[in-house]
Amino acid sequence: MVQGTDRARYTVLPLLSLTGILVLWEICGRMGFLNPLFFPVPSRIIASGISMLLDGEMQENLSVTLFRVFAGFLLGTIPGILLGLFMGASERTRLLLDPVVAALYPIPKLAIFPLLMIIFGIGETSRIAAVAIGCFFLVLINSMAGVRNISRVYFEVAENYGASQWQLLTRIILPASLPLIFTGIRLALGTSLIVVVGVEFVSANYGIGAMIWNSWETFEIEKLYVGIFLCALLGLLFTVVLKKAEERITPWFGHQVFPDQE
Amino acid sequence: MVQGTDRARYTVLPLLSLTGILVLWEICGRMGFLNPLFFPVPSRIIASGISMLLDGEMQENLSVTLFRVFAGFLLGTIPGILLGLFMGASERTRLLLDPVVAALYPIPKLAIFPLLMIIFGIGETSRIAAVAIGCFFLVLINSMAGVRNISRVYFEVAENYGASQWQLLTRIILPASLPLIFTGIRLALGTSLIVVVGVEFVSANYGIGAMIWNSWETFEIEKLYVGIFLCALLGLLFTVVLKKAEERITPWFGHQVFPDQE
Amino acid sequence: MKLECRNICKLYGEGTTASRALDTISFETGEGEFLSVIGPSGCGKSTLLKIIAGLLPPTEGTVTYTGDNPGTPLNSMVFQEHGVFPWMNVIDNVAFGLEMRHVPRKERYAQSMEFLKKVGLASYATRNPHELSVGMRQRIAIARAFVNNPAILLMDEPFGSLDAQTRLILQDELLNIWSEHRKTVIFVTHDIDEAILLGDRVMVMSGSPGKIQEIIDIDFQRPRDLRIESTREFIDIRIRIWNILRAEVGRSIGGDNHGAGN
Amino acid sequence: MKLECRNICKLYGEGTTASRALDTISFETGEGEFLSVIGPSGCGKSTLLKIIAGLLPPTEGTVTYTGDNPGTPLNSMVFQEHGVFPWMNVIDNVAFGLEMRHVPRKERYAQSMEFLKKVGLASYATRNPHELSVGMRQRIAIARAFVNNPAILLMDEPFGSLDAQTRLILQDELLNIWSEHRKTVIFVTHDIDEAILLGDRVMVMSGSPGKIQEIIDIDFQRPRDLRIESTREFIDIRIRIWNILRAEVGRSIGGDNHGAGN
Amino acid sequence: PPPAMKTVRVAYLPTSDYAPLHIANEEGFFAEQGISVEFVKVQSSAAALPLVLNGDIGVYAGPMKIGLVNAITKGEHVRIVADKGRVARGPCTAYALMVRKDLSDSGAVRNVSDLKGRKVAERDSDYDLYHALALGNLSADDVDTIDMAFPMVIPAFANGAIDAGLVTEPYLTEAVNNGTAVVLAPAEDFIPDYPFILFYGPAILDKDPELGRRFMVAYLKGVRQYNEGKTERNLRIISNYTGLDRDLLNRTCWFPIREDGYVPRGPVRDYMDWMYDHKKITLNLDDDQLFDMSFAEYANGVLNNTERTPGKQ
């Protein structure tokens, strides 16, 4: 495979699918296959987005949401990784805590959000807590799977070479489960967006969720799509950044497996 | 390690943590550390649950929710696994679709639920669709990671022994990524509960989510906890069943890694 | 079946960081020839076999198979890292190639059992690979290649992790099968005696980048057995190969005091 | 350092499905003795080494270390499945044991570099293991054990996947180090010549369950080199060991026509 | 001969002001008209609007909202067809600006102007808030507003998370009941006659106006029974569909609803003008674009021929 072609495919293919969908959407809309009341064409949505950008509405909402996402993400992910690694490595802890995780994970954050407000008070704390909880379990479960996926021989080597529990964690368990931790992080970042929007739906003046809610209220359907597009865009951005980080940090992961791809 | 002790720990430890939490809660409640308006003690919640059980309210809501969960779960998980496996195996497909997945995954289901209702109509279809979408991405991303985690030599063997694409899928890719597919399924089952509750919140007469939301609306805080407990219970149940299935289907997965555990 | 390799080059990596693993490898095998390949670790033996098997595309050069192929597979490879599937039991692993060719279950089990007996694993047929020792797993891989009855056998250090006596038995068995069917065999080994004992010719390679140093004809009459090892000719060839390899090692380690007496 | 194993038994599995891997193994090593262990695949050699290393608890019996330990680790093991960490580069892998003991970075790199040179991998110090061949990875594992300077070296078929000349060099190097420091070494191999060339004694095992058949004293003077292989005594010992092993194989494969001439 | 049964989908919230629809259903008034009603529970009128425009839902009810005006501006066929309750001076208050009880008890907040700088909860009710704050010469910028779904207001009061909030029934009564908040200013004082309205969407207006006429007859019959007040029968029906405790319902304040379906234009016009002045909408709609009273007129004709009493209010 020629190098030029390779580089081209790494940038062209991903763009192709996205623009393809947008173009198709625009065409279907223009040809009248889509009800413009609910499915406005991308060009109109973009126009609406630009005007929101110009009057600062977008930046304001975006920055508020991003703050909540990152704060909640960090607060949920870091303990989630640590506990997940620990539960993956120690069967006793896993037996003890697995049922608790299994019971708490499917509790809908939205249902207990009022309770979170009571516990953490209103305002940012409870919103960030909801995001953190959402991230926590996803990362935990994936990190746990990551540890359990590690080949036993690595643990034997570490033990034989006298690794302390801490060294075992930082030099073996953590790096070896990084590929799956990344999967967890990827899911968690996406989920943190979902949760933050849900929470902003029910209680917030600013943020992308509040913006989407207000668009429903005022039936400014383009703004709603701008909000959804922002979610999609952020998701995309997160993924690209994560993928770059992943390639750099875990280069041994993710072989190409089909013959056409070498 | 004596066998008896072993068996004891496998049943005792998991129960220990759960009952421990409940007992602690009951004690705190009885000693007046918790506001009974928002944090009724478990015994009262259980009493309320029993009365709901006796008058059939619980069974009705539960069966409605379970139907939505399973329908959505199946509809989302099966294509999710297949596409995930395919994207994991084929770099071209991955490059093409990864951005789309990354963009669609963080779109909040609740925000687009009204759009889903417009597309799928009012009623079960749109609710099940929301659940299916929620499951789809989780399983997809985990299956993809599962495939990319497969040692390259297995693919080389399969190719060398003339496996067709279909045989590659069913005999190598699928079984080899089963451990991570299970992780995805576990997350998806939990999430399907979360999504169904969220959806029942905003549009349903029956179901656990509707029950929880009605309890908020009608100040029957015990019922709310019964709803949350049901979610937790279902989550637990799902996990136990999945774990049994996992042990049976993927016995080679999940070594015990700390020396105290052999 | 005959095989011809013409000017095969292989680069790993891209651009300035690319490293040359194989450099203009050209050779051909006769019809039904047994070709041993020996060379220092990292000289590209595995890379060459994978290119011949069509698992890796060469950067330059061609591989040509000629001769008629009586319905059986073109080539079967025993991989250095065995690649036994943990999710299939022993007999299913052995029967893998047959299954890929849709041989009926009963027949493929019968054939596989025969070879399992030959490698001494008959009583392990329904065990899972993770319960077996490393050497036993390598024997599964060997049985899997044999039972597949390919036109050309590609073996990458197949006996490397076998115990001495199983090794001798399988060498013998390999020679038996080979003299029966006169398949073309390319046999990578790091054991000089083994290379000479088995091969019609021994191809001696050197590393960085991988090149053919010499191809030596071995003229012992067949059937051969261990007794030829004490002949004058055998010892001469052994010393000749050893001298090529040693010169090679001298270069690569820098010619310090590491001579091993002979 | 001396080692004493007393009545070691090992069962895998539980209850009725348990299988006996080792049966009342008793032996001791002298101070600074080099003990070779040879036996058919699956006879429990790896299991025994892991029990000695403290990585597996014996079902019955005791392992006792006596002698004073000058600050260096009690034992270091070279694993049959090498266990080189894909997330560390070559030199970090080699320096792993030193790092665990908090040797300063500079010093551990200097020491590791020395051994990397000895195994011919100096120029690969900063490469990632997944870019190396299988044999090169095994050399990393060997260097890692050596640089750790343990009181007792446990080696599980360490030279199994090395090419002939690296193997001879490392045998020589091992003997040099050993005669310098007079460490106790337990060396598992499947090569009879290697066992005799290196060992003060050769422990011959049989399988199902693993038992000690005989422990043979090897009285060649040290330093030894390849020349002893052509002596009468050497050949006698070789035949003696071979006969024990062959009887063993006869039993396990069922005594059919698989004798390999000698 | 009774016409063939037709299905109408109606969006509703589980509050007492949707009672006439449920009464009409329970008492068989819809069935009399050959209509079977399918109630679709929604969480807010905003969630229902797209479904109305889409034709999935024929009838919905609620306060005047910007979204509705925007939809009509875009040419959608939705019209106000009848009254469904108003903020009216009467024996009780159904909608109010409330303040946390401890703030009121301590005297920290005596009137609206004391809310300056405090946290006030509201849910998409900028018009109401604007006028409520105007009582104390405050604007929305003078307080810290928090957008919050209604059921969450009570825990928020209890937790001290908010200082004040716009609260409607039954949360108003419940908050007073459990001692978390008291009324600071009833809605009658700042948005008198503010209307809640019944709307028809394209599913009726375009597809089957005849169905709309029959629906209106049954609805207004339901209104009449609703206006009989807190009778045992009414309490039972409302308790059934809201899930609210019968005693609580008995204590809550019920919005008055006009039996002739007439919608006072003035307050609607006030709201429109306010929205236009504050640039919330781009077009000030005229009455033809907003109202279609022909259904109510038809129903009044039918009902006044068969029954004696004309609308009381």
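For clarity, chains are labelled A, B, C, D and E in written order, and residue numbers in each chain start from 1.
Simple rule for what comes next: a contact is a pair of C-beta atoms (placed from the backbone, for glycine too) under 8 Å apart; a residue touches a chain by one contact, two chains touch by 3 or more.
Please read all numbers here as calculations on a predicted model, not as lab measurements.
Minimum number of contact steps separating chain A from chain D: 1.
Set side by side, A-E and B-C show the greater C-beta contact count at A-E.
At the far end from chain D, in terms of centres built from Cα atoms, lies E.
Chain centres here are Cα averages; for chain A and chain E they lie 39 Å apart. Between chain B and chain C the centroid-to-centroid distance comes to 47 Å (mean Cα coordinates, whole Å).
Separating the CA-averaged centres of chain A and chain B is a span of 17 Å. Chain D and chain E have centres, each the mean of its CA atoms, that are 84 Å apart.
Listed for chain E are residues 47, 50, 54, 151-152, 155, 158, each touching two or more other chains.
With touch defined as above, residues shared between interfaces to two or more other chains in chain B number as follows: 35, 38, 114-115, 118, 159, 201, 213, 216, 259.
Looking at chain D, residues 54-55, 81 sit in touch with two or more other chains.
Residue ranges of chain C in contact with chain D, taken from their complex: 12, 38-43, 46, 80-81, 117-118, 120, 131-136, 138-139, 157, 160-169, 171-173, 190-192, 225-227, 242, 245-246, 248-249, 252-254, 258, 260-262. Across the complex, chain E meets chain A through its residues 44, 46-47, 49-50, 53-54, 65-68, 70-71, 74, 76, 119, 124, 145-149, 151-152, 155-156, 158-162, 280. Note for the complex: chain A touches chain E at residues 35, 37-38, 113-115, 117-118, 121-123, 202-205, 210, 213-214, 216-220. Chain contact summary for the complex, chain C toward chain B: residues 50, 53-55, 73, 75-77, 79, 81-83, 85-88, 96-97, 99-101, 128-130, 144, 148. Here chain B touches chain C in the complex through residues 151, 153-154, 156-164, 167, 171-172, 175-176, 178, 250-252, going by the rule given at the top.
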